[in-house]
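The data blocks that follow each hold one structure.
You will see chain A twice below: alongside chain B first, and alongside chain C after that.
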Partner chain A sequence: MSVSESFAKWRYRLVPDHLLGEVLSKNWIDNTIPFLFLIIVVVLFQSLIPGFLSIAGFADLARQLGEVAFVAIGLAIVMLAGGIDLSVGSVFALANFAALAFINYLGWPLYLAIPAVAAIGAFVGLINGLLVGYLRLRAFLTTLATLIIVRAVVDLLILAYARKVAMTMSDSDAWLFLGEGDLFGVPFNFVLLVAVAIIAHLVLSRSRYGWHILAVGGSRRSAYNAGIAVRRTICITYVISGMFAAIGGLFYAARLGSVGPDTGIGLEVTVLTAAVLGGVSLGGGRGSIFKALLGTAIVLLVTNSLIRLNMPSGATPLVLGLLLLLAVAVDIRWLKNRHKLLSRVYVSPTYFELPQRPATEAGSASPYAVNDAFHGVEAIGLGELDGPEDMIFDSKDNLYTGGRQGDIVRFLAPDYRTSEVFVHLGGFPLGLAFDAKDNLHACVAGMGVYMVTPEREIVRLSDETNRSLFSIIDDSRIRMADDLDIAPDGRVFFSEATVRYGVSDWAVDALEGRGNGRIIAYDPRTKSTRTVLSGRIFPNGICMVGDGESLLFAETWACRISRFWFAGPKKGKVETVVADLPGYPDNLNRASDGRFWVALAGMRSPVFDMSLTVPSFRRRMAQRVAMDEWLYPNLNTGCVVKVSLDGTVTESLWDLGGASHPQITSVREHKGYLYLGGINNNRIGRHKLADADPSWTSQHAYWGQP
Partner chain B sequence: MSFLKRTYDSIFGAGEAAVTVPPLDGALLPNDALDQAELVATATAADNLVRDGERCFFSSGAELFRLDLMDGATPAGRFDAPISALAADGKGPLAIGLSGKGLVIRGGQHEGRRLSGLSEADAACITAIAFDGPDKLFLAVGSSRNRPEDWARDLMERNHLGSVWQVDLATGAARRIADKLGWPAGLLVRRGAGLVVSEAWRHRLIALDDKGRHTVLLDNLPAYPSRLQAGEGGLWLSLFAPRRQLIEFVLREPAFRRKMLKEIDPAHWMAPALSSGKSFLEPLQGGSVKQLGVLKPWAPSRSYGLLVRLNEAFLPEASFHSRADGARHGITSSLAIGGRVLVTSKGGGAVLSIAADDNRREVA
Partner chain C sequence: MSASQTEQRRGGFKLTQENIVFFIALLLFIGFSVLLPGFFDTSNLLSLVQNVAILGILGIGMGIVVIGRGIDLAMVATMALSTAWTVALINRGFGTGEAIGLGLAFAAAVGIIMGVLVAYVEIPAIFATLAMSTVIYGFGRLALVDLDVIYLPDNAIWLRSISNSFLGVPLPVIWFSVLAILAYLFLRFTKWGRYFYAIGDNRAAARITGIPVRPMTVIQYLISSIIAFGAGLITASLLASVNIRVAQSTMVYDVILVVVLGGIGLSGGKGGVRNILVGTILIGILLNGMTILDMPFTMQNIVKGTVLLIAIIVDSLANPRDEQTAQQGDI
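Now for the complex of A and B:
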């Protein structure tokens, strides 16, 4: 092995490339950019301003945050529903004036004044909401108008009452506490902010109304079609926004007690910058409370720092404006390119080296020497079937198979000419197995493991397993249950070929060469599902050995068959039985002579084998070349081989031209015949075996019944 | 600057690193005309068709056949090396390029003439010959490093070692008129308008003047062009193998390509081919996986059959295809006779006949 190849081998063993794609597929990934930005801001100003990271500085920041962030949360909720509220700055100022007027001038108690102030904010919000939500005016212009009107009202009030309000001072301790008090050293309003933020987050992410907001913001028309009261939902977001702006104004009043005419001027730009910078999308539907808080923290840090740096006046709005532009640009570009980026990096190949390919030349002494044994094989259900991945017989010799239409189809014994839809499962059935009572068990792609009783009752056995400890994508859901078999104690062992791909793109997993699959056990006694073996390379066929302790499983892309002990003294052990198949093993089943039939879905080709040792080639290929043009394992020629438990391959049967069975994904012996299935085929093949026991059935071999 | 551009391109797959292939569109819309075409004769590797007055010949491996539209092919000679190119001046003599050997003149006053000035390496890879009057001819040399049958290796090595020569048969002197060409595989003499050369690895047709300067006549072909033939109603261009995104990509992956050339049997390379799908050891692309037992005609195969009719301005006017699910792949030469056009499918081992005025453009 060359130096560069050993380097590639170790580099791909040590660096988990696939995690990048998985992280990018997470929703919380949207937070990374603002979070990184926050870190940059902190580091930058820490180096510019001595004592930037002091306790006092943080307390000060927290108190400001307790005012501005309320407004930002309100605005974020409006934006999530696809709107915008520019009037928040004016409402803030109005609330500030109202609070001082009620408490200082009129001497109202807090329990009366606070709801009154909140109600004023909510009232302004309601006007916005009615205009935008019900009359469907443009949010931007409408709230711009209310911004001006409310600001004018505040100016008039100040003109008339400023002296009276400013003359008197409240001596209420509670009012003082609201403005300057601490809880355990933390400013009171910040504690309240955290509480409100948590509640708002729960409402948005867990409640019906929160989902409605996100749905309306995501797609107004779809939300309407789904029966959501779009207009009401929008109207309420403005009420919430107005109320939150008023609460922010209230704390401001409590802290400063001033009715200056410049209160809240430009606040709408500050909070808008904060929300967008945090990652609340201007287009609606994307964002969270946490994002709004993050953005507010950034904006406050920047503006405060600029003041402390004694920047000339005008610098702060300039920087804010630039930040807003930057945030809007990032918002648009990120939204547009995130999926592109994800699709480019998701396929993540790794280094994998297959053992030497055994000879297959016709006439060679190899057990894999090609022949045309399946020439003239009989067809069952030709043209009726679409994807019989596996097939099985009940104790009355009827033949069952699945199909892409989501049915289990039954062909009636003895001639298998008439067929009927046994049940409709709704998903693509793959591996099939019968238990002792003729209950049909099926792996259904995308759905899990299901059982169908002889009375055609459908029972879901399992669609979820335990989530593995350090997985980034949620791997508890079973996406690609592939084949199964039932142990004598009733436990169902099934393979999930890959946790990274689904039924439509499973073959892409071949490009990765990583152990993305696992074997899972379902225990009917406790109705529990546990992963028993993970990190396998496309585990596919499963077949009980018959000793009640172990099973054989095929790892398709690794071209090997292994034995796994699930009970007994060797429990948990895995031993390779055949390490170097010339093709890709799919399902495997028992043969009448005690050996095992293995279906090879495709054959190894030298170029593809070589590409497995050059992961960077495959990665670039996945990024640059269209999917239909990717280099694939050769899935156009299949064969059937017979393997004994000690790993000896005794024979192979081929359909060389590939006229009827180019790809064989399943093989099953029944009463002297061999039956062939293919996930991309339109028939089941039936081949007479010359030297097989004509009375042998797998149902009898498993469960001892006739 | 160009370094920056190359780095950018190689990271983002743009510019030179782009793997795009021109679509089969317009006059090149796919059909199955070659698969429907009438079979005139079969021969394992039917290659170069020529017309000598009333007689037609074609080559297949080391054998020369005489072709009769009624009676099919009859053997007309056998050589000690595969015939790589054939030309007739219409009055008897045949010029024959032999792989690894050189040029042989059969018949006429120049029979047995030996060439001077042409190196052994160049003479070993004559891919096309064209007479320019009875005493002059042009030779296309595919590569000075590989023999004609190793064309896939030459492509995979990214060689541009081809050349075009002018030979004076009276003296046997050969003069190189152009070099550093990417596998010139077809020649056409245009009276008074210079020489047209199909440059396969650059997927284009160029015109060469006496001084070896070239002008591009047609480029961005979706397949590798081969021999050219003038006939009634236009020019016939044979294209012997398709360009595929994956192959373009492999061509831009030097490390992978070197490893492949070193370790793998040429028949199983991820490279264009004259025919494909014969062995499961050949590489397969995603779209070529059979669905319901059927290979889709649009599947990305390594071989393809394509014959294009060009007008006088070298613009494609009509095309005749054998797609992934067809068998008449690897079109290497054509010959217009009256209202018919004879075509050789080297990959399919057949000589076919189509109607020259067939204007079909897509699958019926």
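Now for the complex of A and C:
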């Protein structure tokens, strides 16, 4: 091994390149830009203003946050549903006036005044909601008009009543507490804000209504077509926004107790800046309560600091406007380019070296020497099937197989000429297995592991496993269940080929050469699912050895078959059985002579083998070349080999012309015949074995005679 | 056969927003003439037209942007700050021509920046111009002028003369008419004018057709900013002063009101100068009538806001939003 190659080996072993793409694919990555911005703002003003980071300063900020952030949360909810509410500033002012009028002038008790103020805000919101939601007016102009009208109403009220309101003062302690009181040393309204923010977050992320909001914002048309009451959902967001703006105004009134005509002027721009700066997208669907809070904190820090710096008038609107422009520009560009960036960096190849390729030439002494054994195999279901990845027989010899249409199809014994749809699963069934009671177990791509009883009842066994502690992508969801077998104690062991790719792009995993796959066990007694072995390179076929302690599994891109002990004294150990297959192994199953049949889906090629040792080449390819021009492993031609438990390969069977079974993903022996499946094939092949026991079935051999 | 009969042959009288608004304006005009003493009076009508001329000029600038499916919320800020700077420069001893040149350059720069933000950075026009209006005001207050109100010096005779009368007609009205005719010709008969309609109607299709969509968008904002500067000069000449506080007032919404009332849909591609004239007339009559009624300013705001709301409601009832074809993020 050359120096550069060992350098590459260690470099790719030590640097976890794949984490960058995984981090970028997370939803919380959107928060990092505003968060970094917050840190910059704090550091900048800390160096400009002495005593910037004081406790008193923070208490002050928290109290202001307890007013403005309520408005921002309300606006964020409206924006998430794809709207905008410019009237919040006027509603804030109206609530401020109403609260002071109710409590100071009319002398109402708090338990009456607070709901009344909230109701006023909700009422203005309802008007907005009816107009924008039900009459489907344009949100921007409509709320602009209500902004003007409500502001004018406030001005009229102030003209008429300002004196009377200002002359009286409330002596209520509770009112004073709302404005100046602390709870556990923290301003009361801030505590309330945190509580409301948590509730709002839970509603948005966990409740039906919250999901409706995000759905409407994400795609109004799809939400409408999905049957969501779009108009009502939108209307309610405005009611919430109006109410929250009123609550913000209420706390403002409690703190300052003034009915000044400037109250809330320009607040809509401040809050809009805050929401967008935090990462609540214009046009809806993206954002969260936390983002709105983050943005509000930034905006308040900046505006307060500008005031404390004694900047000349004009500086604050200038900075606010520039901030809004910057935030929107970053938001737009980020949304537009994020997936491009992600697709550039997500594929992260690593170093992997395959052992020497064994010879396959005809006439060589190699057990892999090509022949034409599968010439003229019988075809079952020719043209009816689309993608029989695996097939299996029940105890009455009926043949079951999956298909791309999402069905499990049954061919009836003895001649397998008539077929029926056994069940419709809705996903593409891959590996299949029967338990002792003729319950069919199936790995369904993208869905998990399912069981179908002989009465055609479908039971979902597992679609979720334990999440690994340090995994960045959520690996609890089972995306690519591939093949399975059932241990004598009833546990279902199944392979998940890769956690980094899904059903549509699993082939890209071949470029990485990293152990992204795992073996998972489902225990029907506790109905629990645990990952038992992880970090394997595209684990595919699974077959019980028969000792009740171990299983064989094939790692497709690593071209090897290994044995894994899941019980007994060697529990947890993995031993390689065959290390240097000439092709990519897929499913493996028992043979009548105690050995195992292995289907090779494709054969290795020297070029791709070499590229595995040059990760930088594959990375450049993934970044610079269109996806359909990439160098992939050859999956066009394969064969069936027979392997014994000690790793000796005894024979191989080929379809040399490639007419019927070029790519073989599954092989199953049943009563003296070999059945061949292919994930891209349109038939099941049936090949007579010359020297096999004509009564042997895998089902009986494994589970015993019924 | 008269022209109206020909009209009827072609499908008769259509209940378009323009016609509705025109009839409301007519009704108001007749109503006010009968009920309000001093309304139907040559001097009052002249002052009505003169007062509304500024709004009409701004409306034409806004209309051009709206036809291209944009909106310019910074128009009033551009108007106030560019003129304020011009007047401040004259006060500092610059020649009138130089000062106007610099103010025009400032307005043009603002327009180009906004156009670039909308066309190239792809910020929605509403937000780009809303933010720009705060930026312009902040920047102007910080760097260009020292006071909120700047008075026109007595020696700026040339500038003062643009709001005089000509043959008894106030010059602002003439400027408005000239601009309206120019805008009509521009939108109707020039290549760029037709491009604006195409872009407003279907931006993607216009782009595929080969229309330089982005430069054209920049030009729209450039035009609206320059028109805003012109309107600002006339205002400054009329009032002999510039109040930059107007940048933070609701005046820009009056301009939108004029455009929307007249029937230029905010979704772009529709309408023309005629719609702006109709909208301007209605708002002019309304404002004048309310002033004669001695209605307080805040009450006038309520009436204007309500009229705007009704206009949008009528617009949305006439052209209902379809859940299947409504554009995502179209707020």
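Keep this in mind: the second predicted complex is superposed on the first by the 696 of 706 C-alpha atoms of A that agree within 3 Å, B and C clash if a C-alpha of one lies under 4 Å from a C-alpha of the other, contacts with A are read in each partner's own complex, and residues count from 1 in each chain.
Here, contacts are C-beta pairs under 8 Å (C-beta built on N, C-alpha and C of every residue); 3 or more make two chains touch, one makes a residue touch a chain.
No experiment lies behind these values; they were computed from the predicted model shown.
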Task = Would you mind checking whether chain B and chain C clash or fit side by side on chain A after the superposition?
result = fit
Key: Contacts of A:Leu631 with chain B and chain C, given as first, second, both or neither   = first
Query = Now for A:Gln623: first (chain B), second (chain C), both, or neither, which partner does it touch?
reply = first
Message = Between chain B and chain C, whom does A:Leu131 touch in the aligned arrangement: first, second, both, or neither?
response = second
Key: Partner with the higher number of touched chain A residues, chain C or chain B   = C
Query = Should A:Gly658 be classified as contacting the first partner (chain B), the second (chain C), both, or neither?
reply = first
Inquiry  = If we overlay the two complexes on their shared chain A, which of chain B and chain C does A:Val607 touch? Say first, second, both or neither.
reply    = first
Ask   = Given the touch rule stated above, what does A:Gly448 touch, chain B (first), chain C (second), both, or neither?
value = neither
Note = Overlay on A puts the nearest Cα atoms of chain B and chain C apart, in Å, by 19
Remark   = In their shared complex, chain A is touched by residues of chain C numbered 117, 121-124, 126-128, 130-143, 248, 250, 253, 256, 260, 266, 296, 298-299, 301-302, 304-306, 308-309, 312-313, 316-317, 320-321, 323-324, 326, 328-331
Ask   = Taking the complex as given, what residues does chain A use to touch chain B?
value = 4, 386, 507, 602-603, 605-608, 610-611, 614, 617, 620-621, 623-637, 658-660, 662-663, 680-683
Query = Any idea which chain B residues touch chain A in the complex?
reply = 13, 17, 19, 244-246, 249, 253, 255-256, 259-260, 263-265, 268-270, 277, 280-293, 295, 299-300
List of chain A residues in touch with chain C within their complex = 82-84, 131, 135-142, 144-146, 148-149, 151-153, 155-156, 159, 219-221, 224-225, 230, 265-266, 269, 272-273, 276, 282-284, 312-322, 324-325, 328-329, 332-333, 336
